[in-house]
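Residue numbering begins at 1 within each chain, and the chains themselves are lettered A, B, C and D in the order written.
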Amino acid sequence: MSAEAAADLGYSQAELMIAASARQLAGERNCFVGIGLPNIVCNLAQRTVAPDLQLVYESGVFGARPERLPLSIGDPTLVSGSTAVTSMFELFAFYLQAGLIDVAFLGAAQIDRFGNINTTVIGDYAKPKVRLPGSGGACEIAINARKVFVIMRQGQRSFVDTIHFRTSPGHSGDSEHDRNRGWWGSGPTSVVTDLGTYFFDEEAGEMTLATLHPGVTLDQVRENMGWEPRVAADLGETPSPSEEELRLIREELDPGGVYTR
Amino acid sequence: MSAEAAADLGYSQAELMIAASARQLAGERNCFVGIGLPNIVCNLAQRTVAPDLQLVYESGVFGARPERLPLSIGDPTLVSGSTAVTSMFELFAFYLQAGLIDVAFLGAAQIDRFGNINTTVIGDYAKPKVRLPGSGGACEIAINARKVFVIMRQGQRSFVDTIHFRTSPGHSGDSEHDRNRGWWGSGPTSVVTDLGTYFFDEEAGEMTLATLHPGVTLDQVRENMGWEPRVAADLGETPSPSEEELRLIREELDPGGVYTR
Amino acid sequence: MSTSKVATMHDAVADLVRDGDTVAVEGFTHLICFAAGHEIIRQRRRDLTLCRMTPDVIYDQMIGAGVARKLVFSWLGNPGVGSLHAIRRRVENADPEPLEVEEYSHFGMVCRYVAGASNLPFFPIRSYYESDIPKVNPKIVPMRSPYGDGTEVYVVPPLRPDVTIVHAQRADAGGNAQIWGLLGCQKEAAFAADRVIVVCEEIVDEAVVRADPNRTVIPGIVVDAVVEEPLACHPSFVQGYYDRDNAFYLRWDEIARDAGTLDAWLKEWVYDLSSHAEYVEKMGAAYWDALKPEPAMSGQVNYGRYA
Amino acid sequence: MSTSKVATMHDAVADLVRDGDTVAVEGFTHLICFAAGHEIIRQRRRDLTLCRMTPDVIYDQMIGAGVARKLVFSWLGNPGVGSLHAIRRRVENADPEPLEVEEYSHFGMVCRYVAGASNLPFFPIRSYYESDIPKVNPKIVPMRSPYGDGTEVYVVPPLRPDVTIVHAQRADAGGNAQIWGLLGCQKEAAFAADRVIVVCEEIVDEAVVRADPNRTVIPGIVVDAVVEEPLACHPSFVQGYYDRDNAFYLRWDEIARDAGTLDAWLKEWVYDLSSHAEYVEKMGAAYWDALKPEPAMSGQVNYGRYA
């Protein structure tokens, strides 16, 4: 789907991705928020389908109420007016590791069909072609959050058959094994891209196309990933953002269009 | 030494014990303070021989400046006006276990010649004759403070050949072993009683009588302990409290005479 | 947070504390919630495993009243006074029945809560070397550093109470609790528990909490009920609100020496009253006035508005 | 506490940071002490092992200037912007020389500081399962619970910097530092270090600290030097004092893409200036005014006077 095509529909790709992700947060409580799109997703969900959603930031903020769009995960606007600010030790130990985080967002430079994520290197670790940021909190977030949502653009370089480094573990492909790993997390539960939305099949642990975005074809999806995708039997179309969702995004959440244009 | 005898000298037993202990704090910095006599000892030392002495309480207070005599280790007067208040986890982990505590005071229901301390039970653990308080922080204080001072009255029931339970480890009697234990502490370094003062011989690790209090005889000491004591070659007399020490104790530190009369 | 968790002490205890539970009423000398202990006595809970670093007078009262079968602790005494006689009668003489004990050192107890709060299967500490404590508590076990440096530590297991009860100076209706003064191990004990009751001197508007988020010690996310109960910590103290009632701690030594006297005290001050409010009224206003300190204000800091 | 530890940035770095040292300049997005990094560059320290959870622009500057031979970290990037180009050149192309890296996850780094601060030989965490990180970092090793519950954790080794440098909103002359807003891992990193430099926006009277002792994050006991250096964290921020200068973070992306541009920037903004005060002056008063937030005050609490 080209940017122009999306514009024709009256909303941008980013707006569609945000709305689709936000709806998946219905009823959730404690959410580890990333910066950029995930931040807008969570704020939108709080105003629509998840009024009890608490925004938790790995920088140590619980119950943030940002008065402006935060530009980093540690923006001072996240602190002022929040419910609690704690050390990172306590945030990771008492909140995340203890299983209090219901949903977390992760980004990925590379993701495979099982939701294993690479944010460390492209190429060989000892002599990388591209040195990426590394784990940050991603490894323990993948392991300790009860659900993991991924939002990213997809393409041959990011949706790959074999990731170059497993920074954060996903599903193993063996559901019996996954159930007995003894962690809260079980690999990503949702992936939303610029082409469609995916869930993970419970038995196979494999990414499965659930909906195509308006105007996107299955062939386009296939062209933009490194393996032959599983497709849901009831493959549908991603609902467009509602008027109210678009209004909230444009007027309240990203009025400057930093992330959404 | 009877209470009357001490009164004849112009000061009480407690005052002598306080002054003798305080002088041993000369030049020390970070001191884990107990309640009662140790508290007065530390406050006296801060005003005399150890102006840089910081009072640290296991309740989580650093740099206390109590405006009144604290009646418990967690008195609110310890908090107001202190330098820092921290969680007990941090106090025990970052201050004590990290080796920042130079001197700590321990009490004892029973102590043996090597400075092993019992504050747990008299009699059999499973069916105790007297159930004592237990360790509290004493076990880790004995292990992690760089020096341990003991202040207690001595007698056949407290200075015993064999303690009934080793709550807090002292010296082992094998100096080679003690040097290689890998802890900051090496058993008590000083014992001050109502009869005299003791240090621990470095090689034997055994309590050694350093001074007799004015008017006390070596026989009195022997009668009030369960083993034949080592005596320093240069056994001396404990210096009496100075006028200034007595003034500070009586006018500033324990004007009500709660602990000192 | 939008949902109010405000409850009466009666309802909070009735709903959240069950016979046979492992219960921690924490607070190191400071913020010991006696009113919650009294409510547990009043509702005649039984077979509790009571956990506390310092079993203090509150557990002497609860154990004297027969609510517990087991005690997990690190220092057992009436601080600054002496013994806890009701507990001693049970431990030394099984009078009127035995009391199982499981003991640690202070840091061991704290680390058990930290492990419980962090979902860790064990927590390493540098204590217990050459002490007899591990000999009488097989849950304290030695472990060698995996880095080949020869260092040995001991480890303690996580403590996960069914219910933790803590007291705070103030909390909002969602349970976000702010505490100053001695912090003890309340945060760790609350995060470690399945269910949490926060009792406070004052329920305040959420805006008060949000004006100083670094002051929040326990977030509402782990709290099941918030009870506003002024003076609930008497004879313990609440920094800035009231002083420790040392006279009561001394008096308790007399009361608890005799089972009959203790029972009479429980009848008069717990069973015959329906709530802590009646206890407060029965003591009389002058009593409370005498425990109130002069103010000593913290000063303010500026968080800045970033809009 | 009676002894003043106040020093200039020049003297603090000259006295306490040595060639070959392991240095941690900590602060998670907040309170990143750029001025200290610049002084280390200016004094041409070499062969440092630089530790930081998030190497950020400050370490791109320091590593671009050639002070380091090794980097220990958990997230390497220009937050909200993209890459750190000077560091990438060294890692990807050994340009102009190799840079050794040792990496963890965020929680792994935090726990390394906690272990260092606590004198523990290792620290257990529930992370790294089925991740490749332990494969490239042999210091991260699996360990089984000794309680026979089958739980496996990973452990990380203690991190004990020779020097930790942190920034605080305020400190007294004895080094007692108070911080609000994001706390990161500064307390742990300070306690873990042999030597500690506290830089602050304001040195305040000891009475200000003592009025609110729960606000003290780092006690003077572990602090070797206190430096008063307003605006020392630019382009990072100080809660309540100034905002993050996002434009600079974006600009750095351009500056650091080319080694020559980076060198020119270092010459103009670091080497050719003798102190951070000159940097502040060179930016101009209007620049700083634009970064200052409106006030949002915390409110006060009452500690009570117990005399």
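As a working rule, a residue touches a chain if its C-beta (ideal position, glycine included) is under 8 Å from a C-beta of that chain, and two chains touch if they have at least 3 such contacts.
In this text, all values refer to a predicted model and were calculated from it rather than measured experimentally.
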Relative to chain D, chain with the most remote C-alpha centre: B
Between B-D and A-D, the pair joined by more C-beta contacts: A-D
Gap in Å, rounded to a whole number, between the CA centres of chain C and chain B: 29
Centre-to-centre distance between chain C and chain A (centres being mean Cα positions), rounded to whole Å: 40
Contacts with 2+ other chains: residues of chain B: 61, 75-76, 79-81, 85-86, 93, 97, 144
Of all residues in chain C, the ones touching two or more other chains: 114, 119-120, 125-126, 151, 180-181, 183, 187-188, 211, 214, 239, 243, 293, 296, 303-307
Chain contact topology (line, ring, star, complete or other): other
Every chain pair in contact, whichever chains are involved: A-C, A-D, B-C, B-D, C-D
Contacting residues of chain D [partner chain B, same complex]: 1-3, 114, 117-120, 174, 176, 187-188, 191, 206, 209-211, 213-214, 216, 219-222, 303-307
Chain B - residues contacting chain C, complex: 35-36, 58-61, 71-76, 79-81, 85-89, 92-93, 96-97, 120, 125, 127-140, 143-144, 165-169, 172, 181-183
Interface residues, chain D side, partner chain A - complex: 28-30, 53-54, 73-77, 79-80, 87-88, 91-92, 103-107, 110-111, 114, 125-133, 136, 150-152, 180-185, 187-188, 237, 239, 243-244, 246, 293, 296
Sites on chain C touched by chain D in the complex: 119-126, 139, 141, 143, 145-147, 149, 151, 153, 155, 157, 169, 178, 180-181, 183, 208, 211-212, 214-215, 239-241, 243, 293-307
Residues of chain B touching chain D in the complex: 29-30, 51-52, 54, 61-63, 65, 67-68, 75-77, 79-86, 90, 93-95, 97-100, 144
